[in-house]
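Both complexes below contain chain A, partnered by chain B and then by chain C.
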Partner chain A sequence: MKRIKFFLLLALVIFLFSLPAFSGKYILYITIHILILSVFALGFNLLLGYTGLLSFGQAGFFAMGAYACAKILLILPSLLLGTMTGMIAGALAAFLLGFLCVRHTRIYFSMLTLSFGMMIYSLAWKWREVTGGDDGLVGIPRAPLEIPGVLSINMNPMGNYYYYVLVISLVAIYLLYRLIHSPFGLTLKGIRESESRVAYAGISVRHYRLLSFTIAGLYAGLAGSFLPPLENTVTPPIAHWTHSAEPVMVTLLGGIHTFSGPIVGSIVFYIIKDIIVRYTQYWLIWFGAIIVFLVLVFRGGIVIFLIERIWSFMNRR
Partner chain B sequence: MIEKLLFQTLIGLSFSMYLWLLAAGLTLVFGVLGVLNFAHGSLFMLGAYATFTFYGKLGLNFWLSIFLSLLCVGGIGVILECLFFRRIYHIDLPYQLILTFGFILIFDDLVKMVWGGVAMIPPMPRFFEGNFNILGRPFPYYNIFIICAGIGVALLLWMILEKTWWGRMIRASASDREMASAIGINIPILFTNVFVFAAMLAALGGALGTPVRVVAPGIGTAMIIQAFVITVIGGLGNLKGAFVGAIIVGILTSYGILLFPIFELFIIFVVMAIVLMVKPQGLFGK
Partner chain C sequence: MSILLRTEKLKKYFGLVSAADHIDLEIEEGVLTSIIGPNGAGKTTLINLLTGNIFPDSGKVFFKEEEITDLPIHERVKKGICRSFQIMNIFPKLTVFENVLIPIFALMNKSLNFYKLIDDHLDAKQKAEHLLNEIGLIDKKNLTAGILSHGDQRLLEIGLAMAPEPELLFLDEPTAGMNPVERIKVLENIRKLSKEKRSTFVIIEHDMDIVFSLSDRIVVLHRGQIIADGTPEDIKKNEEVKKVYLGEEIFWQKR
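Take a look at the complex of A and B:
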């Protein structure tokens, strides 16, 4: 099982790296979006699946990352600097707001994060001098990747930017995987299972929650910072709470308690969206119906379904 | 300046009443059924659209239109509760929330499909045209009517919950579902009734707003966020808190428009953060 898993993973990575060789601009564009959503949702799942906190305001941190990156790129065209600023902005916002949010759990936590996410949205929408209001920030350059004296890569071809996003995403995903399988990750799971037992063991539950929230914000900021160079604009809707629901949906779609759940969910999300949009402009009706169906009939997610049903079915033979 | 503030308080108070009607249903459903219903704002929107159709398009009597749209949204409430919400009472919170979120997507796009994406305002009923003269400024009759209606609903709710048999059953099952069921209360039917009642309250809010506020897709999602802030400020599942919270949020919003136009939305979140720091369970929470 472990060996097969490893080869599957290797095959997937090789496939991703060779993708620009045989596919057009559109596929690369969609794949970048899948990567962005995966990173976004993985950070979110650190909160939901491992710490047991349902945040409905992650889009706020995503937008912090996107706007910070856009601001930097408009002043100083350096891609790496933009990405790093976005990450830091997301983490910093999550740290400050998390201080208030992690006092609560369950439904209160969800409503709080929702409200604070909307607070960031209202700033993005109304603070015209800084964020450009409802027009957003426009004309953001896809700056070259430059480290003075070492390298300089032009990012204008979609393929190059794809590699940039891919490498950073893979590193981020690997780091998160290690984090979850470290003592830190175990403590988070302990908090999810029984808050009071962890507290009795002399561990500050609140600090761990805050750290988990900050890391989730960092990943949201990173995901957000990939967006402005791709689209050349940032607009307030990315901070809206309906965007916060995207990581929730893909995580539930893929499966909460699995590491790969959010990634599988992101892929399926874009495939479903792409198919429905071809037939109707009102794709959200169908998507909403799919969500309702999933919750009522198919809880647990795709990954669990594959492992428990199909895997055991194949082994039985 | 003081006159300006007083006048703005009255404007804010009339806006509070829409928020109150929405937050009351949200609170009731959460308190009794234990589900936080994101789609509650969509019921508000459907109430507005139904009234717009009956009153603005078909030209029916204003009161009859409101009554008919309450019946329509109540019917939708029955379908929602019996077919869908009933199955999610026992499952985990994330799944509950995401299911109700699915309904927001469905209703928002459905409304766009049927009525189009344009914002619309039907004309004011003739008997509400005209203004009072308060502090030297014109204050519409309609706003006075809204304030009275909101307070009336609050009194009615209090009467129902405290004085009637049905209210006692609701309070009993809110505090202990199993015990209430053991002494012979038919919980499933009671839950359906409460859900429909809450849906009608939301629809009433939307319906009363039609002559003065725009009818557009997305008005539900905008309102539901403010309703959440209200429930956080007032304390979750607490009707008195919801009423006071609605007044606070409504008045602050109207001051915000006057004093800090840029941070108008921002300011209610700041107040929410302050309440949370001082009294995390809300002003009236236990």
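Take a look at the complex of A and C:
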């Protein structure tokens, strides 16, 4: 099982790296979006699946990352600096707001994150001097990847930017995988299961929640920072709570108690969306219906379903 | 012997009900103390007050002559106070092994380690195996805690309370719902650890056989007040205690 898992993973990584060789711009564009959503949702699932906190404000941190990155690129065209600033902006916002949010749990926590997320939305909407208001920020360059004296790569070809997003995403995913399987990850799972028991292990539950919230914000900020160089614009809707619902949906779809759940969910999300949009302009109705259907059929998520049903079925034969 | 924990006029009311009414209590190091009393006497409330689960209306708590009245739970644990719960409080979806690893990582100050995989923490794993051996759950270490039998879950509950290696350990009805075999296993464990002076135990228990055979000292609570305090012999003779336990006289006539 472990071996097969390793080879499947290796095959997937090789596939992802060779993708630009045989596919057009559009496929790369969609794949970048899948990577962005995966990173976004993985961070979110650190909160939901591992710490037991349902946040409805992640789009706020995503937007912080996107706007911060856009601002940097408009002033100073350095891609790496933009990405890093986006990450830090997301984490910083999550740390400050998390300080107020993690005092509560369950629905109270969700409502607090929802309202703080919407505060960031209205900030993006109203603070015209900085965010460009409803026009958003436009004309953001896809700056070259530059480390002075070492390398300089032109990011204008979609393939190059795809590699940039792919490498950083894979590193981020790997680090999160390590985190989940470390003592810190185990402690977070403990908080999900029984808060008071963890407190009686000598751990400050509130600090750990805040840390988890900050890391989720960092991942949201990172995901957000990939967006402006891709689309060349940033607009307020990315901070709206409906955008916060995306990681919730894909995580539920893929499965909250599996590490790969959010990734699988993101892939399925974009495939379904891409197919339906070709047939009808009322795609949201169909999309919603399909998602509800899938969540009901694949109890516990697609990944759990595949492992428990299909895998055991194949082993029996 | 030195005094480990001391309270000064500890008071806690829930509405008009007094759960702790000016309690002055001293707990000495190495003396196995039992707290008994009828239902609703305030036994669990007292533990909650001493371990930081709830805060008193007034009064003070000292641990080794240092005031801890306002300290949160996790800081009291770091100072050396821990507890088990009357109502099961384990991590049901994690394995038994992972259950005990959480407090052990905390004890070793490794909970914040976010890169090294759990599997590579050999010292912590060794410690966890040792603890599981001690409480007799080593054979079941890879089972999910939630599917264990009630008795095994109680054992795990006690194991989790022991894992932070506290100097003072409160056990809230440790043997509730156990079968006699498991009960003896738990009691032997407590007796052994108490003898080795690794922890000072304070036990809440309903089973009078256990209380009288195990304790060095018994404290009787009634309506939030201490009505008797002494050796098992003193308590047996105490008239007021008999009155409080009226209706449960079977307990007392057996002896």
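Methods note: the second predicted complex is superposed on the first by the 312 of 317 C-alpha atoms of A that agree within 3 Å, B and C clash if a C-alpha of one lies under 4 Å from a C-alpha of the other, contacts with A are read in each partner's own complex, and residues count from 1 in each chain.
Just so we're on the same page, a contact is a pair of C-beta atoms (placed from the backbone, for glycine too) under 8 Å apart; a residue touches a chain by one contact, two chains touch by 3 or more.
Predicted model only: the values in this text are computed from it and were never measured.
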| item | value |
| --- | --- |
| Contacts of A:Ile203 with chain B and chain C, given as first, second, both or neither | second |
| Contacts of A:Ser122 with chain B and chain C, given as first, second, both or neither | first |
| Which of chain B and chain C A:Val277 touches, first, second, both or neither | neither |
| Chain C versus chain B, contacts on chain A by residue | B |
| Partner chain(s) touched by A:Leu186 [first = chain B, second = chain C, both, neither] | second |
| Touching partner for A:Trp241 - first (chain B), second (chain C), both, neither | first |
| Touching partner for A:Val130 - first (chain B), second (chain C), both, neither | neither |
| First (chain B), second (chain C), both or neither touched by A:Leu10 | neither |
| On chain A, positions contacted by chain B and by chain C | none |
| In the complex with chain B, residue positions of chain A that touch it | 48, 54, 56, 100, 103-104, 106-108, 110-112, 114-116, 118-119, 122-123, 125-128, 241-242, 245, 248-249, 252, 256, 282-285, 287-292, 295-296, 299 |
| Parts of chain B lying in touch with chain A, wherever the complex brings them together | 36, 84, 87-88, 91, 93-95, 97-99, 101-106, 108-110, 112-113, 221, 225, 228-229, 231-232, 236, 261-266, 269, 272-273, 276-277, 280 |
| Residue ranges of chain A touching chain C (in the complex, touch as defined) | 175, 178-179, 181-187, 189-190, 193-194, 196-205, 208 |
| List of chain C residues in touch with chain A within their complex | 51, 53, 72-74, 77-78, 82-83, 85, 89-94, 98, 101-103, 105-107, 110-119, 121, 124, 160-161, 163-164 |
